[in-house]
Structure formats: C-alpha cells, structure tokens
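The chains carry the letters A, B, C, D and E, assigned in the order they are written, with residues numbered from 1 in each.
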Amino acid sequence: MSAALLIFFVLAGLAVLGAVALILQSHPIHSALSLILVMLSLAGLYLLMGAEFVAAVQIIVYGGAVMVLFVFVIMLLNAGEEERTNFSKLATFAGVPLALALGGVIAAAIARSSGHLPAPAANGALTPTRELSKLLFSEFVYPFELTSFLILVAIIGAIVLAQREN
Amino acid sequence: MLPLQIPHTSDLVRVLPEIIWCSFGVFLMLLQPFLKNHRQILTLFGMIGAALGTLGTFFGQMGAGFSGLIQFDMLSLFFHWLLGLVTFLVILASDSYLERENLDASEFYALILFATAGMGVLASAQELLTAFIGLEMSSISSYILAGYRRDAVKSSESAVKYFLLGSFATAFFLYGIALVYGVTGSTNLAKITSADPSSNLLRMGLGMILVGLGFKVALAPFQIWTPDVYEGAPTPVTALFAAGPKAATFALLLRIFTTIHAATGFWFWAFWILAVATMFVGNLGAVVQTNVKRMLAYSSIAHAGYTLVAFAAVTFLKTDPEIGPWPAYAAVLFYLLGYALVNVGAFTIVSEIGGKGESRLTLDDFAGLGTRQPFAAAAMSLLLLSLLGMPITAGFFGKFYVFKAAINSKLIWLAVLMAVNTIIGAYYYLRVLVVMYMRDHEGEVPADAARSLSPTAAMVVMVACLATLYLGLFPNHILGLVLSQDLILSAR
Amino acid sequence: MPRPILENLWIIPLLPLLGSAINGLLGSKWSKTLVNTVALGSTGLSFACALEAVREFLAGGSQVFRKEFFDWLVAGNFRAGFDLQLDELTVVMLLVVTGVGFLIHIYSTGYMAHEEGYYRFFSYLNLFMFFMLILVLAANYALLFVGWEGVGLCSYLLIGFYFLRKSATNAGNKAFIVNRIGDFGFMLGMFLLFRTFHSLDFSTVFAAASKPDVAIEPLGSFGTITIACLLLFVGAAGKSAQLPLYVWLPDAMEGPTPVSALIHAATMVTAGVYMVARSHVLFTHAPTAMYVVAIVGCATAFFAATIGLVQSDIKKVLAYSTVSQLGYMFLACGVGAFGAGIFHLMTHAFFKALLFLSAGSVIHAVGGNQDMWEMGGLSKKIKITYRCMLCGTIAIAGFPPFAAFFSKDSILFAAYKYETNGKALYAVGLLAAILTSFYMFRLIWLTFRGEPRYDEHKVHVHESPFNMTVPLMILAVLSLVGGWVAAPALWGGKDYFAEFLSPVFGTGEAAGGAEAAASLEHILSGVAVVAAALGLAVAMWMYNKKVSRGTSEGLHKLLYNKYYVDELYFGAVVNPLIWLSTNLLWKVIDAGTIDGAVNGVAKGAAVIGDGLRHTQSGNTRSYAVWVIVGAIVVFAIIFWPIIHPAFSGGLR
Amino acid sequence: MVPTNYYLILSAILFGLGVLAFVFKRNIITIFMAIELMLNAVNLAFVAFSQALGKTDGEVFVLFVIVVAAAEAAVGLGIIILTARNRRSLNVERVDLLKL
Amino acid sequence: MELSAHLLSVLIFFPAFGALALLFLRSDDEYWIRRLAFVVSTVEFLFSLLLLRIVTIGAQGYSMTEYKAWISAPPINYHLGVDGISMFLVILTTFLTPIGVLASWKGVHHRIKEFHVMLLLLEVGVIGVFLALDLFLFFLFWEIMLIPMAFLIGIWGHGRRIYAAVKFFIYTTAGSAFMIVGILWLYNLTGSFDLPVIQAILQTPQYHPSPATEMLLFLSFFVAFAIKVPMFPFHTWLPDAHTEAPTAGSVLLAGVLLKMGTYGMMRFCLPLFPEASRRAAPVVAVLAIIGIIYGALVSLVQPNLKRIIAYSSVSHLGFVVLGIFTFHTISMQGAVYQMLAHGISTGALFFLVGMLFDRRHTYELSEFGGLCAPMPKYAAFFLYIALSSMGLPMLNGFVGEFLILLGTYQVHWGWASWAATGVILSACYLLWAYQRVFYGDNTNPENKEIKDIDAREFWGLTAFAVVVLWMGIGSSYITRRVAAPVDTVIQQTQSHYAVEASRPAAASPVLLDQVRNRLATREGTVEPPHKGSARNWALAPEVRRVESIAGGKEFDGRVVSQ
C-alpha cells in the first residue's frame, strides 16, 4: 500500500466518520463540527489529487465562511438538542433503507463502470491555478458574471428575509 | 498577464435580455430609497424592464455564444418571449397584491426580474454549468419570493420546504452533471451529444439530471412539494412558479434530452411512466381539493404530465426518420405557452378573490361569483375551460398537439390514458364553474369580497383571456414559428 | 261518361274529416244545432257521395277503380301512396259504413243531447268515419293501416269519452294497447309481404301472389305466405276481438252506446274481417293460415257466447255477442267462404247496430242503468224500442226470414263442407248458434218481460225521442230484409250477394251452385232454425219466472267472471312486466348498476384522490423520501434493459 | 496511486450519507448541513473526474458550486431564521401547516 | 361577397351575433331580451329555410360547401357542407330554438340575458356540428355545444341541477375525449382532417387500416356518439339531464342534441369505417333493440313526466340507431326521418310539460289527474303530440318507425320483430301517463284553478301541430331529399375492401382532383413550405398520400401545383 493510498484511506475514513457523526449527533453544533471535519478531510483529498486551489477554497470558503455562518445561526437561534420526533411514518420506516439503497445504487453503478478512468494525479502535476483563472475569466466568463448577480440575489434575500417588521 | 478575452459584442447581444432584466433588477434596488412609497412607479419600471428584456431578443443573432455556453436559437427565443410575457403580467398582477399585503415592491420586482433572468439563462443554456447557474438564480430568487410574506406562517413554511427540497434536488442534478462530465469529459451539451449511449455511468448521470429537473417541473413523484409551496407562496409568485420556472426547465429538459442520443430509444419509457404517474397524481389529487389555489397547484402537476406526454413522443420520434421530433417539440412549446398564460390569468383571479391575507381561497368563497363579479367569473371560466381543453381556447390546441404527437409516435395507450385524465380534469374544473354560477354564496358576502378586480389585475386577466382565445383560434401563428428544424440548433 | 265523385274519391273520407276538424276546433262555442248540422251534414254528404260513387262504379261496368292521389311514404323501392280503390267489396263496406254511420249519427243527436262535450263527441265520431272510410277505400296495406290505427285511436277516444270515470279511461287504454299488439303482427305481416313482393299495393301483391308459379303452401306447412297471413291475422284478431285478443271489446262498452253500436259492433271491429277478406288471395295460398283462422273464429264464436250467457250488463251481453258473431265471420273466411263472411258482416252491422241502439234506448229510458236485473217489464212502456229490439234479436238468433238466417246459414254450410274437420267446425258453430239464441232471448226476457225490478218512483221510463227511434226503425227493416239478396239461393236460385262479390272473391266458393248442395243446405238451415228455437225455448223456460239475480257459483261464476282471462293477463303479463320494469330494469340495472358504476367511478376517483392526498402529509422528511423513491424508480426504468435485456415493448 | 474509483465511491458514499442525513435529521439547520454534505460529495466527484481526465473545467465547476453553496447558505439560513421566528421551532416535522 | 355563397357560415354565426347583441342589452331589460332572442332565432329559422332551395332532390354529394384554409399545421380547415341529411337537421335546430325562447318566456326569471345568450350559443354549436365537414371542426363544435347546455341545466334547472349538469358534461366529455384520440389517429393514418379526403384515402387499398385498427377507430367515434344518442347502456345521464333541465334546455336537448350522435354515426362511423361498422352492426343493433325495449319498459314505470319522456327518447333513438346499422336504404331514410320526427314530437312534449311546470312547479305524475277538465286545449294538444310520439299513422312519428322497421325487416327479420315490440310499449307508457295526468277526477286542490294555455303557448303548440301533421302526410318531401345522401352513405359502407383491392384506382378521379385542387388552393393562402423545412411536416403525409393514390408518383416533398 502506497503512502498516497494510506493517506486516502485515512482521510476517507475521517470523511465518512464525519458524515456519520453528522447524522448521529443530536446537537446541531456537533453536527456542524462533524461537517467541518468532512470538509477538511475532503480538502486533504483534493490536495492529494493535486487540486490545490480547490482545496484552499474548500477550507477558506466552505470550512471557514459557510460553516461559520452555520454556527453563527445555530447560536443565534439558540438551537438546542434535536427533537427526535417521528411524525413521518414513511421517513421512519422507509427513509433509511431507501436512502442507503439509493447510495448503494449510485456506488454500485460507479464501481462497475468507471474502471477505465485513469487515476487522478497520474501525471503527478498540480493543476495550475493560472490555468483555472484563465478558464474562469475567458471561457466561463458568462457564468462567472452571472454568479455576481446570484450573490446579489442572496444579499437581497438575506435582507428581505431577516428584516424585522417595521 | 493573463490573456483576458473580452467577450465579443455579438455574444453580449445574445444575452441582452438577461442583461436588461438583471440591470433593471439592480436599478429597482437602487430606486428603492427614493421611491419607497411610490409602488406604481416601481411597478411600471418592473414592467418596462420585463418588456425591454423581451424586446432585447430581437437583436441577437442565431447561434452559439460565449464559446458555446449558451445557444441563441428559436427555442431560447421562444422561451424568452414566454418568460418576458409572464414576468410582465406577473409584475402587473402583483401591484394590487403588494398594496393589499403591504409588502415592499422594489425587492419583490427585483427578485422577479432576477428570477426571470435566471430562467432565461436556463432556456438558452447550452452548457450544464450555465444551466446550473441559471437554475440557481431562479431557484434562490424563488425561495425568497415564496417566503416574501414574512409574517405569514404559511409563506415561510412554503419557503423552507421549497428551499430544502429544492436544494436537495439540486444536489441530485449536480451529481448527475458530475457523472456526465466524468463519462464525456465535458459539460457542454454539444460535446455530450455523441457520447457512448451504452455507458451506464452516463445513463445514471442523465437519470439524476432528470430527477433534479423533474423536481423543478413537478413530475410525480417529485411533485410532492408543489401543492404546499404553491399554496403557501404569495399568489402572484405562485403564478410565476407555475408558469416561469416550469417552462424554462422544460426548455432545458428538451435541450438535454433531444441533444443527447444516449437519452433516446428506451428512454421514452421513463417519460411514459412519469407522464402517466404525474397526470394521475395531479388530477386525482385535484379532485378532492376545496382550496382553489391548491387545486390549481395540483392541476399544474397534471399539466406537467400532459407536457411530458409530448416528451415521451419526442424521445420516441427522434428515432423516426420520416416524421422527426419537430411536431412533438412544437407540441411542448405550444402547450407550455398556452398553459403559462392561462395559469397567470387564473392565479391572478385567485389572488384578487383571495383578498387580504389570502383568506378567501376555498370553493365556498367562489360561490355566486357569477352574479357578484361577472367579469371575473367569466374570465375564470374561460381560463378553466382552457385548462380543461375546450375548443377555441389555447388549452385545446395544446392538448390537441400533444395528443397528436403521442399518436404520431404510436403511443396510443398513453394518449388514451391522457384522455382518461382529461375526463377526470373535467370534473374538478367544472366544479369551480358550477360553484361560481350555479350555487349561491352561503351567508353574508363580506364587503370587500364583492369588490371587482383591480384595474391592473383586470388587465392581466384580459390579456390572458385574449391570448387564450387567440391561441385557440389561430394556433398557427405561433406554431409556424416553432415548427422549424432550427428550433434547437444543437439538435440538428 | 263523367265520374265526378269516383275520380275524386277522396271527397268521401274528407267530408267527415272536415266535419271533425270544424267541430273539434270551433264546436266548443257553438250551439248543438250547429254542431249537429256540421256532423250530420258531413256524414250525410259523405253517404250521398258514396251512393253516387257506387252508382258511377256500377254504371262504369264494375271496373275496379284505383287512383293514386299523392305519395305518402317513399323510400328506396318502397312506395305507399294515398291510393284509393273501389271494387265490389269496397262498395259493400262503403255503404255499410256511411249508411249505418249516418243513422247512428242521427241517433246520437238524441242520445247525447244532454251530455257534456257534445261537440267533442261528434268530432270524434266524424273522425272515426274518416278513418274507417280510409280503411275501406285504401288501395294498399300501408294506407289501410292508417285507417286501421286511426279507427283504433277514435275507439280509444270514444271509449274514454267519459274521462272522469277511471274504468272508462282504463278501457280506452286497454283497447288501444291490445289493438297495438295486433298491429304489431299486422306490421310484421306487411314487412314480410314487402320483403316477398316488394310492394304493399293490393294490386301488385295480389297479382304477384296469384301468378301460377306461386305454389299454394299445403296445410301444415309454414311458408312465407302462410306466415305473412298469420301475422296479418294477428292484426285482424286484435282489431276484431278474436281469441286471445278479444278482452278489450267487452270493456269498450264503457263508451257511449252509439259508439258501441257504430264502432264496436257495426264497423270498426269488422275491419279485421274485411282485411282478411281483402287478402283472400294470400289466404287461399296459405291453407294453414286459413285453418288457423277458421279454428280461432269458431272457438271465439263459442267461447264468447258462453260468457254472454250469464252477463247481467245489457251492453256486455251484446259485446260478447259481437265477439261471437265476429268469430262466425272469421270462421267463414277460414273455410274459404269470404263472401259469406262479408255477407254476415253486413247483416251483423244492421242487426247489431240495431240491438245496440235499442239497448241504448233502453238505457236512456231507465235513466242510465245497464243492469238487466234492475229492468224488466219494459215492453209496455217503450214499445217502439221493444219491437225494434225484438226484431234484432230474432235476426241474430237466425230465424227466417231475418237477415242473419241467411248469412249464418251460409257460413255454417260452408263450414260443414270444409274438408278439414269441417263437421267439427260446423258442430261448434251450431252450438254457438243455440247459445246465441239463448242469451239474446234471455236479454229480451230480463229486460222487457216480467215484472219491473226497478224503483218505479225514481225511474220514469219514457220512450226515446224521434231522432233516436227513426234510426231504430230503419235498422229494424234492414235487419229483416238485409238477407234477402241471398235468399233465392235457398230455392236453387242465385245468391245475388255472392254473385255481386264474385269479381273479388271469384266464383264457386260460396253457397249456391250445385243442386246436390242445395238439398244439403236445406237440411242444414232447418237444423239451424231448430237450434235457434231451442235456444229460445230454454231462455223462455228459464227466465219467464225467474226474477232474482241468484248466487253465482261453479260454472256460472266462471262464466260470469269471463273465465278470469283478464285476471290471467294481468297476473301473467301486465303485473310481472311492471314489476320487472320497476324493480329490475329501473332500480337495479339503471339506478343500481349503470348509474352505480358511473357514480362509483366518480367516487372511486375521489377515494383514490383522497388516498393520494394523504401522501401529501406536509412533512418534509416524507417528501424527501418520495424524491428518493422517484429517483430509484427512474433508475429502475432506465436500467431496465440491462436488468431485463429481453424486454422490448408492450403497450405503449 | 489512488484509483479514481476510490474517490468516486467515497463520493457516492458521502452522497448517500447526505441523503440519509436529509431524511434522518429533524433539525432544519442540520438538514441543510446534509445538503452541504451532498454538495461536497458532488465536488469530490468533480475534482476526481477532472483530475482523471486531466482537464481543468471540472475544477472550475467546483468553484461555482462552492460559490452557489455559499449564496444558498445565506438565503437558506435567512429562511431558517424566518421560520424559527414564525414557528419557534426548528423541527422540520413541526413545519406542516401546508398539507393534504 | 354574396350572402348566399356564405349561407352556411351565416347560419352558424348569425346566432352568435345575436348573442353578442344581447350582451349589449341591460340585464334587467326583460322585455327586449326576450323579443330580440326570439327575433334572432326566428330570422335564423327563415335563413335555414333557404337551404330548401339549395338542396335538391337527388343531389349527389354536398349541395353547398364552404372552404377556407384555417390552420396549416396540421391542416385544419374551415370546411362546411350541407346535404339532405344535414339540411333537415339544421332546420330542425333552427325551428326548435325560437320555440325554446317561447318556452322560457315564463319559466325563466333570473339571469334572463345569460339564458338567452346560452341558448343562442347552443344553436351555434349544434348547427356547426351538422355542417362541419372537417373532423376537427366537427369536434370543435361538438365540444363547444357542451358548455351552454351544461350551463342551461346547471343554472336554470331544478332540484338536482348541478348533479345533472356535471353528469351530462362528464359523460359527454368522456366520449369526446376518446373521439379526439380517434380523430388524431385517423389523421396519422391519412394526413388529413377533411372528411371527403379521408374517405377517399381510406378507400384506396394501400391505405386500408388493419381490421383491428379500424375497429378501434370505429369504437373511438362510436362510443362518443353512443353516449350522445344515448344508447343503452350509456343512457343514464339523459333522465337526469332532462328532469333537471329548464324547458328550453329539454326541448333542445331532446330535439337536436341527441341527433348529433346518430348524425355522427351516419356521417362518420359508417363512411369512414365501413368494415368495422358492418362487423359491429349485430352488436350495435342488439344494443339498439335493448334500448328500444328497455327504454320503453323503464319509461312505463317512471313517476315523473319528464323522466317518462326521457326514457322514451332512449327508446325512440334506439330505432334510429337500428335503422342506421341495418345499412338498408329504407331503414336509413327512416332513421333520418325518425330523427326529425322525434325532434319535433319530443320537443313538443317537453314544451308541453314545461307549461305544466310553469303552472305547478312539479313533474310528478301523482300531483296531477283530471286535468282534461280545467285545461281542455292543453289536453288536446298533449294528446295529439303523444299520439305523434307513439307513431300514429298520418302523424310524424309513424313514418320513421315504419320505414326503419320495414327496412330492418328486409335485412334481418328478427331484429325488426323485436324492435317492433317498442311500438306496443310506446302506446302503453304514453297512454298510461296521459291517463294519469288528464283523466279521472281533478282531486288535487292545487289543480282546480290551473289555467289553460295562453296565446303564446297556443301558437307555439300550433306550430308544432302543423309540422307534426305535415311531416306525417308529406313525408315524401323529406325522404326524397335525404334519399341521395343516404344512398351515398350506404354505398360507402358497401365498398368492401376485398372489392376495392381488386380495382386498381379505387378513389374516383374527380374526388382526387378535388383533393389535389384543394391542396393547391390552400398552398396559395399560406406561404409555401421550404423544401426540407419542418413546415411541410403537416402537409407531407396528406400530399404524399394523395400523390400515391393518384398514380404512385414518388413524393418529392412539394405539392404538385396543378
């Protein structure tokens, strides 16, 4: 087992652990922390694959900004322990098996048919950030600009929704 | 230095509608501090924005833009018109609603315009990334709009449900894109076209895309969110939901599932089954509703089902070299246009009848409308008959073309099941008519319920009715436009 | 030679129609005199025209006259026109109808003088004349059917004339519906004739049927013509009250008495006989049908006579007597003696009209009561009526030289000579003759002889007015002399009546002719007179003293209740049909099954919809599960070809 | 070297766990986290494919997804705050006024 | 623009303009609303009488047609035509509409304007149905007609009016939903919606549908028509609709709407699907006979006058269907005649019953009795019409029944014999009902003061009475004019495929020329299709098929301009 594989398994294990913890933790703040664990592990995996910029963004934007926002809201709303109600019969009895089945189907489909793909970072090179930015500002400039409006929408939304009644 | 490419002017002209819509959105936000109490002016600007954006389509050249990220063809043109018209009408219809509910106008209109821009992007997207951004633009705006009546419990519930489930579906959509990307190495539809149809991963990816988009257009069983969200959202917003995103998403579905060869042949079974399920769920669900707004929500599910019948025909006809899929495309487009206009009109009436706080939405509140508000009742009848598919209305030709597409593709049983559904539909549409004309209002009619439609709403309803009749009498004018092999450029 | 009336034969029926229309539309506000003028004027003119037409006909050498006036039904190769024809048979019927009809009109002006709806009565009566004339003048079956149904209608209207009486309207309905059953057969008969001969014109059909290559279908076989004849006979049986469709006629006595005389004795009920005689060409090709006709006629003659024995209502007795006499006529037709049948038809018209009108006069005299047990001893108080009625009774009983002696005699003679069981037919006929004589003299005795059994303080018996008695007297004379045209046959001379009709029926079938037959006929007529005398004697013996109604038991009860045939029909047909219609067809099939299914589907949709809507629990978690379910379904569909490679299609 | 399959299967597992979390959790915020988890799974798949194919546009996609996720988070948390204010509960099962 | 050249359009749209004019009157202006509606419908009736000059005896095909291109893709055209059959049905419609206005003079008190608008719109739809030669146009009018009728029942009806209206609507929609599938399927086979063109194409051997297809197509049309007729077992909407409908609604419903079903069978089912019609004929005939007997028996025991008449319609229309499906010229002419006769008789009966309802607000038989005394004129008219309905010779009802039975007997004596029992039963239920209403003592105190008919009612009834009598005597006026079209229908049903296949060019050259010319003229009105563009999608099949019929020429994507 090569070192890369070992690192992969460790990180993958952490990610899955985080995900499972997210599910099992009953306090939202713990779930949020579990999710941060998943994100950090994924950032590691991105690095492992050589996607350094994505890894950085993952940590800065996702792990940093977004998750901080989550934690902030949890604190703001003073969310306590999760109330484990079971009003939904369907979700109670069929939810877990079906969700697992779905994940299984996807995993199985991938496992059976993506064998021909070359391993990532087979060329050993990191993705140059310059390449990335070139794409972003030339080929994908239109969605990029659209994203600005998207963020504007989000700002308006936050204002509109969180505004107190006057 | 990075070799930054300034986009070519022609590319910008191709997205002129989106630019105008977005600019007006920003413009309206900027006006907000100055015109806070001048709702009518804001409405006017919103309408101008919607109209100008629609006019913006006339300058673009047919063809792909932004290095193939978007495709400016007849399909996108058609949907831009549809969206512009719908937005125009929805903004007009919102005027009295915002006044009644005492809501801020500028953000509302800005969000509508942003949403429209997002739908426009969706309609012309040739690249799944663009589509994703467009989808998110329209979706995020929609989430906010759904919860726009902040103090109303139902509105916020509608928003939270829409948001959670919408994001859930988006995740599926994205995962689908990822898989498609993995198999084909691209997210550009033009490049995916020739992908190996036997790849299971591609199949899985397209399936997940179908799940994600099917959620947006409310196909059973992904329709499950629709009644709740439609009921809870402010009624003009519901009108927009039922007309805009649905149409735009169908445009994208058309583009994807006509472009990609891998999604033909056996795929029609997926559409077949989804169509049947959707029609039955929508119609049977509507039969038992007593809330008109919710009933219309169910009916919109049913209509998605009817549209999907034509879809089944598309995927099937693609393999028929003699006829080609164009009649089915035309059917989808015509159906969506007629349906969108009718729905905007119908929801506008419901919004007006609903009164302050949307408190009068049940069938009982519609009782005796025929005498109380003859115009509203007559218009509602016409629109409902169009939804039912009576002749000389848009709905009739819509259904007719769908039937025809289905029969062209020898999907006789699908056509028969659709006929059965039409009969079920007749039952509940007719019930509203019956209540309006044949039953008297029980108890005293509240003072404000007797008030006739506001002028703006009346205009919207008028336009919807006239459009319905126009499409019902001269369907050819529109059909001639969309019956072209250039409809979807990448699908030639 | 100009033939003004013959060429415009339509005038004869049209006149009464006009009278009917005028009286019906305007008469309500008119005085009785005016109504009388119109009614009598139109009928009288019609009678006059008929006479003139007959004169023209005879003057023209008795050529069968036939003229098409306008097309009535035209479709494909089918044509039925308003075509009238006049031949010897028509002449007899025409004169009987217009003549007797006119007399009865006159009588009615007296009889109905105090009734409500006077104008209505005459309007109906004139309308009846119209239809009856159409019936006898028609030159094709379809037009004949017009008259046929039309007289049925008038019969219905006139029976139900006293519409406040439920029994009257019931009787009207019964008459019409039973007639309809007969018409059902008649129509089918017509259809079959058209299928066979491609026409319904008498001339065409009979010409085609009498072609030499049309074989006579032997007795016992059921060929096309036989079936057609039998179907026609069903119609005739309905109209002429034969077994088993006779039930309406006794009830029809609910109508005013002149109606009973005109419609239910003299004319309408003989339409069946007329139709059979008219179709004699067909019947002679169908011995099986003939035999059936003879048996039915004979059986009816006997059967109705037995019921007549015990009836207490004076008109009911006459009604059963009519049924019985009609049976004789069919017997005659059945044994091939069409001429004799028509002869009896004519004499019967005279004497039965006479009897009915006399009975009407009696009823008039005693103030409306029809129960013979509440009469008696009337002979002294209403002498004219008594004499006229006696005249009619002697005639019907068959005593010479009254009319029925000759006609009934020729029928029995023909029956006796008939090859197939002729003797049996003769025997039953003779028995019926005895019964006839008995019940008629019983009637005379109960009504006119003995002591009065009515309350003389309340009932002031009075003779009828002039306009009622004169027709009686005329008819009495006709009952006497009506048969004399055939009388010379008894002395080996000519049967003028038969000879007159021979262009229609052909010669050699009726009485007269061979010497050997003459002696047999003498014997038979002697037997007949003896039979009549026997009936008279028994009646005298039984009713000379008996004055009380007595109890009704055993056979008497059975007869008195008409063998319970009405009850049988109601119990076996009418009530089950109504029960079936109500409970099975309407309640179970219509409301239950079909509507139940329709409403059930609607309910089912609502139930399913309700079920579906419970999936809409409002719980986002459930919704997410549904999305997952949907995703799995989509995957299942698109991977189906991999899971099941053989799957290729199915119903799309 | 780690085969691409491994990454993809991990991605599928994470996606599945995200789905599971969505249907299993009751707290709206946590459910939203489940969505984020699913998006992360998508990102992982994208990066893996991108690297395997030796193309960069997959990573661009990831950047967009992250941006959109951030925007969605802003709006989503706004909606959650609104709901919490209206409802005084974060249990998704108690947000069921609209139904049937 | 000559009026006479557009008579058919005028006939269809004149009432619509009348309805439009009504809208401009004030809703409480009862006086003028009624008069205007009456005048409009009467003028319409006079217009329709002009048709009598156009359709001559023995005229082959359609005596007058109108053709205008409407929708090019798919090729839907405004194609109208009139022949003997449709002419009389149109006249029947225009005759009954003013009667309907008269009938509602006193019975309708609220929303008078809307009522008359609906009545006139109904007339538009019905006349359109009878005149349309384009399947699509036919379907369009067929559907349009539904709404005014449903409203007439639902708004101005009695008691359970809403149930009845919805039932009527859903029943009919159920039928027509399948018909549209059939129409489109037919289009898919032939590439045309034009009735004559489709007929020509279907009769050529290479375009015969397979027997199974033909049967399904036949059924898709037939069920819609059978529901409309209504045939057993699709009849249960009728009693409800009739019972609850206002008088005018019942008059028109029974008078003309039911005829749309039988007309459809004659015009579409038989000529388009001859083989299937013949194969289905035994079943249809048996259903028709069941309808005849069943309707009569159920009618016998109904407690309500309107229900009696409603079930009698089931019975009478059974005769019509039987007459059509025996494919015999006599019976089919009889069937056409019976449609008209039933329209008049039943229309009149409903008119009469409506008068009673105006006075007493009930239809229950038990409420009546002895009405002869207080209202003799009314009783006389009622009897007269009842007699015409039960088929008394020299009145209108007899001719149809007689011809139908006569013709049927020529084909199948058993059917005729069973059907003829209906003649007996019709007398039973009508006379029995008549007896219960009019005869006997007038015991119900509410009936003591009941008024006899007034002048308006008298003249309305007189109009009926005259027509009844005229039709009974002068039936040949009608039968001669329907003979040619009926024979055409029969001829079309006789074009056996086996016979067809043996002939090289089956469709007549004249018709083919017409088809081709029609295509050419239509091409002139819309822009010519670009070669290879999708626009000719709509035209392609039709042209292609016509070409191949014409001479097996290869289709090159363009219309051959002659």
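Rule of thumb we're sticking to: a contact is a pair of C-beta atoms (placed from the backbone, for glycine too) under 8 Å apart; a residue touches a chain by one contact, two chains touch by 3 or more.
All of these numbers come straight from a predicted model, not from anything done at the bench.
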Original post:
Taking a step as a move to a touching chain, how many steps at least join subunit A to subunit C?
Top reply: 1
Subject >> Partner chains shared by subunit A and subunit D (touch criterion as defined above) >> reply: B, C
Subject >> Chain nearest the overall Cα centroid >> reply: E
Original post:
Most remote chain relative to subunit A, going by C-alpha centroids?
Top reply: C
**OP:** Please work out the Cα centroid separation of subunit B and subunit E, and write it as a whole number of Å.
**Re:** 41
Subject >> subunit B and subunit C, separation of their C-alpha mean positions in angstrom >> reply: 77
**OP:** Let me have the rounded angstrom distance from the C-alpha centre of subunit A over to the C-alpha centre of subunit E, please.
**Re:** 68
Original post:
Which positions in subunit A touch two or more other chains at once?
Top reply: 87-88, 91, 95, 98-99, 102, 106, 110, 114, 117, 139-140, 143, 147, 150, 153-154, 157, 160-161
**OP:** List, in ascending order, every residue of subunit D touching at least 2 other chains.
**Re:** 8, 11, 15, 18-19, 22-23, 26, 31-32, 48-50, 52-53, 57, 60, 64, 68, 71-72, 75, 78-80, 82, 92-93, 95-99
**OP:** Check each residue of subunit E and list the ones that touch at least two other chains.
**Re:** 170
Original post:
Name the touching chain pairs, would you?
Top reply: A-B, A-C, A-D, B-C, B-D, B-E, C-D, C-E
Original post:
If you look only at subunit A, which of its residues touch subunit B in the complex?
Top reply: 106, 109-110, 112-114, 117, 130, 133-134, 137-143, 146-147, 149-150, 152-154, 156-157, 159-161, 163, 165
Subject >> subunit E contact footprint on subunit C (complex, rising order) >> reply: 24, 28, 70-78, 142, 145-146, 149-150, 153, 156, 160, 163-164, 166, 169-170, 172-173, 176-177, 180-181, 183-184, 187-188, 190-192, 194-195, 577-578, 580-582, 585-586, 589-591, 594-595, 598, 602
Subject >> Parts of subunit E lying in touch with subunit B, wherever the complex brings them together >> reply: 70-74, 111, 139-141, 143-144, 146-147, 150-151, 154-155, 161-162, 165-166, 169-170, 173-174, 177-178, 180-181, 184-185, 187-188, 526, 532-535, 537-538
Original post:
Mind pulling up the subunit C residues that touch subunit A in the complex?
Top reply: 617, 619, 621-622, 624-626, 628-629, 631-632, 635
Original post:
Which residues, counting only subunit B, touch subunit E once they are in their complex?
Top reply: 323-324, 326-327, 330, 370-371, 385, 390-392, 396, 400, 403-404, 407-408, 412, 415-416, 419-420, 422-423, 426-427, 430-431, 434, 437-439, 474-476, 479-480, 483-485, 487
